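Alright, structures below, take your time with them.
Both complexes shown next keep chain A, but they swap its partner, so chain B is in the first and chain C is in the second.
Take a look at the complex of A and B:
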């Protein structure tokens, strides 16, 4: 970085030459270098035509300069909301890269940046991946300013802080920490800041990459930060004392610290009335158990504990298995793998081809596989059931955890039946309990048990929620 | 580091080498639904008959094999259940498993012999044979029973036994007799054990008796399937000593707090017109047994039984329904009828069998501090046969079905 201390010259043409070489003027088609000669002197404007608002540029920058009669300092002259004085070339370059217009004046050792950026992004749309029926529909979009404005709209308070931390170098990106000043635990905040600063890689483009840089155990099966695209979800967590990380170019945010429960909760659980919400929780809780264990239990029971099956079902299984050439374990693996294929293809397939997946999945893999005696119908039911159940996961990150864990359990149960299955469940649970997310136990507030909103398996009446999640050590514990 | 290496090598080895022990694919097993055991000429050698369910018939609509039979019978000689399954494998292709056995059928000849208890002794060590299988005593050879029992509506054998035993147990004409109960009672050595009695060879002389006074074989039944489940076989010290009729079985089940009984429909004498009968649904609550134990005097056993009756038909058209006096009469009479019936049977158990099939020894055990004391007091030989038993029947609810008055047959005939 040789231009670090390069100062701005009084000679306008020197400055112009410097900037034009730095920004490859003439090669970069959208880099504009425009001289202006007004009554008060000579000016020079640099900007990217693609990142500035050209209407504002001509109305509020160029025309005031051209029409001024007296030599007024630029900040007083320009009718734009943000104007900054730049002392050296490093600052000039940063401003140009951010999409500002930089104005040099003949005989002046200062340049001015007029902040009239117009970076293009998607409009606010409906949440795609975390849908709810009841509740707000808007989702984050790929513009930090828009996202923060949505959050500000939800938490209009002087205590809502949006703090920027710079990371990376090429280019430096800023991560915004959003939290409530008198709630968020300063230790957790420091922890996050420290981890952000320790990132030594030169570029972190978006929040999804950032997640992997700052999480405690990147190889773990469990995500330790909640990834959400819903502003209502994010602001609910902020109001509880959690910290939200946002970045430009990401249509989602990260919520930290995360507990295992937050992955299973949908914001809709709180929007629905308590009984309805809990009913939906119950369905989801059963679905998690089904998706984790149904195939494994089937293998264990049919291979090792056939006396547990009612004889009608037993004979039905035996009858359908009679012509299947492979053992139950392989049969289940084949079908689970096929289901994973459908799922993976369903995500990647271009949407005009989407319906094909349905036909291939349902007909070929379901019915035809049974008719061809490759799998038995019961296995198709089980795999469909466990696959369907895995989609009830309220959060996409935990979806993978459930799916991979399922394969672990399937393999475990094929070794010694229930004995090894229980062993695997035990190790899995012990691991689960041992995880920490930014110093907070992953299973809290269930274990270690602390005061909280009592919103773990089921939630209680909102009126009776007395405490904020105390496991976060918020500065104010009492909610009421 | 070396330790770690050893662990890395050893743990997968343990899993790989010992994994999949006891793993059996379902379709590679032949599930026995019923086992029949018969006595042979040689001592301690028995004929085992296995009734094996064919999973392909009736279980699945996807792969029906129309020409296969829903079951297969295999009969072999053997000394115990497990070795017999191996012998049977000489003709059955799949591995024979006993884990789904629903009934163990014993011929009454074997049940009455001394060998029976020796055979039964091998069962608990047979991990496979579940102890909730029902013990059934057949009057003829068990092999014949299995061969000739051809239910028309339940072609799949396990379904037949399931429905047949469940329904008969509900009405109390046969008792609930899982193998485990046989061991509890036999090893407790204080009570008598009753097991359902069945036959496929009805006797020729068949006469009408009241609906539950039969034992298997003498029910005047006509139909394609000759099988009859009725009454019970009475076991004392692991040996069959007598047969009980359906009525006696019902009384035993009613007096036994450990057995549950659903309601059943029975006929009672009409107190005012003894030529007629009254049909009613009977439902007894769990009996309350209290034992007043006197180590040196006469022990008294109190049995309180609350029951309810829903009267269905009064063919004599006596107006029990709206006439308070007659209704009171009926109520007292019914209580008396039941008491007499029960007392008669209890007397038989005290005098003839010198033991009771009601599992009442459970209620005296609390009077002793140690097992030795209890064994010394000897419930079956000393206490029960000499005890005074006071029955107290109480009709808690008497209902008369849907009609409010009997139709006046005199006027109809007129």
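Take a look at the complex of A and C:
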């Protein structure tokens, strides 16, 4: 049953009073309540001056009303692209909050919302965090409409669906699920909807927060949704049967389900010719291995398995460590920590001070530390190598996984050399294969194997990619 | 939510079977066998295979014939619940004793060869902990991880076999039958329980996407395992020669000590230890899981994974009983293997007879 208070009255002044109290007119500096007297009767306009397009307001709303001679219904009179009739005050409030202009007419039981919002956002810019040399450059921006328009441009089809799900209460925000109707697995879609509906907090303002509410294992070391700022990446995934989540105020999207490979791949791998792309993947794979294991292996070898090192090299290492007072483990830990400090500072430091980081990093933590006999030069080389390699990560989320895992392996290898290191690797890997993202095994399609594009470590010729990733159980498996 | 149900296919079982059975090529087993057969040690797995093959094929045939059963269910179905359970218990106990002895054996190898100053119990605990965590993630994860590490282990195997050839003298395979053909056949019969993992794996007959994948996986995996075991033993025989091979306790590790990688890397044994250790972790994870699975199937406990930890404690305690490596290896392991071999060689025939009788009665 509708509450009597929320109904729109025929009496314009009553409506005016109601809205003005609700929106704290007079306190809220940008809330405009404007009466309008035309030849056809009395009108009243409400809007936020900061969220509507004032030019359109005067040209396409106010002037037609003032110049009209006959009593034509408002939808026929106003020359704006979207106009909606509102039956009760709840809808009026929603429309006002979304940045529309709401028009009341004397003696009329309904109000009209003219959709001329002008919400400010950044222009479309180049992708900052996922750079490519070959391939499109545009990135998502903080406006949902713009982002969806970019996706629509890439997937112009009636099957591309943008579905909204409301979450939160203060204010209710909508999450857009973008997918292809006859590809995406309905079970996964339902699961995502269910997870979205089960969010019970008041505010989820952007996709980065949303990710933490809907992922399966919030405490896990591995992200289970792919976070990307590239529209081309998103639309490629949509075309394969994945589902993309977007929200206003986020210049990125979430792609679900995610496998470990999606974090390892860069969209550029597909834009480059197959050999070039695979070469780049090979370099990246080596870099991942280096960043995870180089320091740990150094500790294991020097502490426990020194017989493995050829005698000349062993003497060189011993000589360089001669005057270093701390054990190798502590030495490596100090340097790794210092590197993490530089990295963290590099992100937070205001850009005019940026060059300082270079000087501090290179001179003080590198050269001076060696000269002061706190660390040996070989450790500086190793830490620099592992740090540099960690920057090759194609995705920011996996970058953290690699860095934290590195510390786990360093600690493990200091216990029992290769034995404890391999034990840690076993546990780490078995955890990796055991997790699932929205019902999809994290290592698919390598293991468990299914028909797919076989795009794991290396990719095959695009012409030979016959199947969509079947681990998603898409409605149409055949790609060709 | 799981999108792909029962995802395991041939490749996962292939690697599991291969590593489980095949790791015999790199532990103290060849030393144990060489004590009797001298340089003909490489013929023993072939002899064992000849003895095992009929009973194993028979078991696979029965599993194929009576669909919807795994090893334990099949035995209980054919032999009735009382005798069936008794036989299952016998199989389970054999496997349990073997895992206890083998684990101690491996821990001693690690301890003796790589960490001589550490305490055995400590290494035992770490080793078991890793196996426990791996096993507790379930069959799918163990299968997947086996497949993931396969390239690395294959690389290690091929590399060591290839490097080993530089120190090999092929004429050392003579006398071809070592201490004599009779000894080889006796050893092959007596030690055929070395390969009891093949039988134990059939507990997972229903766990794969299709039984077809299981059959393919276990045949290929065991085939590969036997091939590499034979090849490794042959390599040991031609690297160490007739008399020396008896005295080499750890042929794999000794071989890795001998080989060099050019003039720069002269001591690469640690490199080969990495592949070996990964394989050991995998083998015992699978073994532990299968053991507890068998236990769970016999006593109808679900989910049986919660019994992994108690079993680990039991294995740790029992494994620490043997006062030394030598007692464990020479007195206990060899005798136990000889005692349990007939069980595995004969029980499929018993099942087969019962299946025939049952079929006749139904007709």
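Here is the rule we use: the second predicted complex is superposed on the first by the 475 of 480 C-alpha atoms of A that agree within 3 Å, B and C clash if a C-alpha of one lies under 4 Å from a C-alpha of the other, contacts with A are read in each partner's own complex, and residues count from 1 in each chain.
By our rule, contacts are C-beta pairs under 8 Å (C-beta built on N, C-alpha and C of every residue); 3 or more make two chains touch, one makes a residue touch a chain.
The structure displayed is predicted, hence computed values, not measured ones.
Superposition note: with chain A as the common reference, chain B and chain C are in steric clash.
In the superposed model, A:471 makes contact with chain C only, not with chain B. Considering which of chain B and chain C touches more of chain A, the answer is C. Judged by the touch definition given at the top, the superposed model places A:447 against chain C, while chain B stays out of reach.
Within the superposed three-chain model, A:166 lies out of touch with both chain B and chain C [touch as defined at top]. Applying the stated contact rule after C-alpha superposition, one finds that A:318 touches chain B and leaves chain C untouched.
In the superposed model, A:417 lies in contact with both chain B and chain C. In the superposed pair of complexes, A:328 makes contact with chain B only, with no contact to chain C. In the superposed pair of complexes, A:30 makes contact with neither chain B nor chain C.
Of the two partner chains, chain C is the only one that A:434 touches; chain B does not reach it. In the superposed pair of complexes, A:187 makes contact with chain C only, with no contact to chain B.
Once both structures are laid onto chain A, the chain B stretch out of 167-175, 293-301, 365-373 or 383-391 that overlaps chain C is 365-373. With the contact threshold set out at the top, residues 304, 307, 311, 415-417, 420 of chain A are in contact with chain B in one structure and with chain C in the other. Chain A contributes residues 302-304, 306-307, 311-312, 314-324, 327-328, 370, 377, 414-417, 420 to its touches with chain B in the complex. Looking at the complex, you find that chain B touches chain A at residues 15, 18-27, 29, 31, 33, 53, 55-56, 59-60, 62-63, 97, 99-100, 102, 128, 130, 156, 158-159. Against chain A, in their complex, chain C makes its touches with residues 1-4, 7-9, 11-12, 110, 114-115, 118, 123, 126-127, 129-130, 133-134, 137-138, 140-145, 147-149, 264-271, 273-274, 277-278, 281-282, 285.
Residue ranges on chain A touching chain C, taken from their complex, read 185, 187-188, 191, 301, 304-305, 307-308, 310-311, 415-420, 422-423, 425-427, 429-431, 433-434, 436, 438-441, 443-444, 446-450, 471-473.
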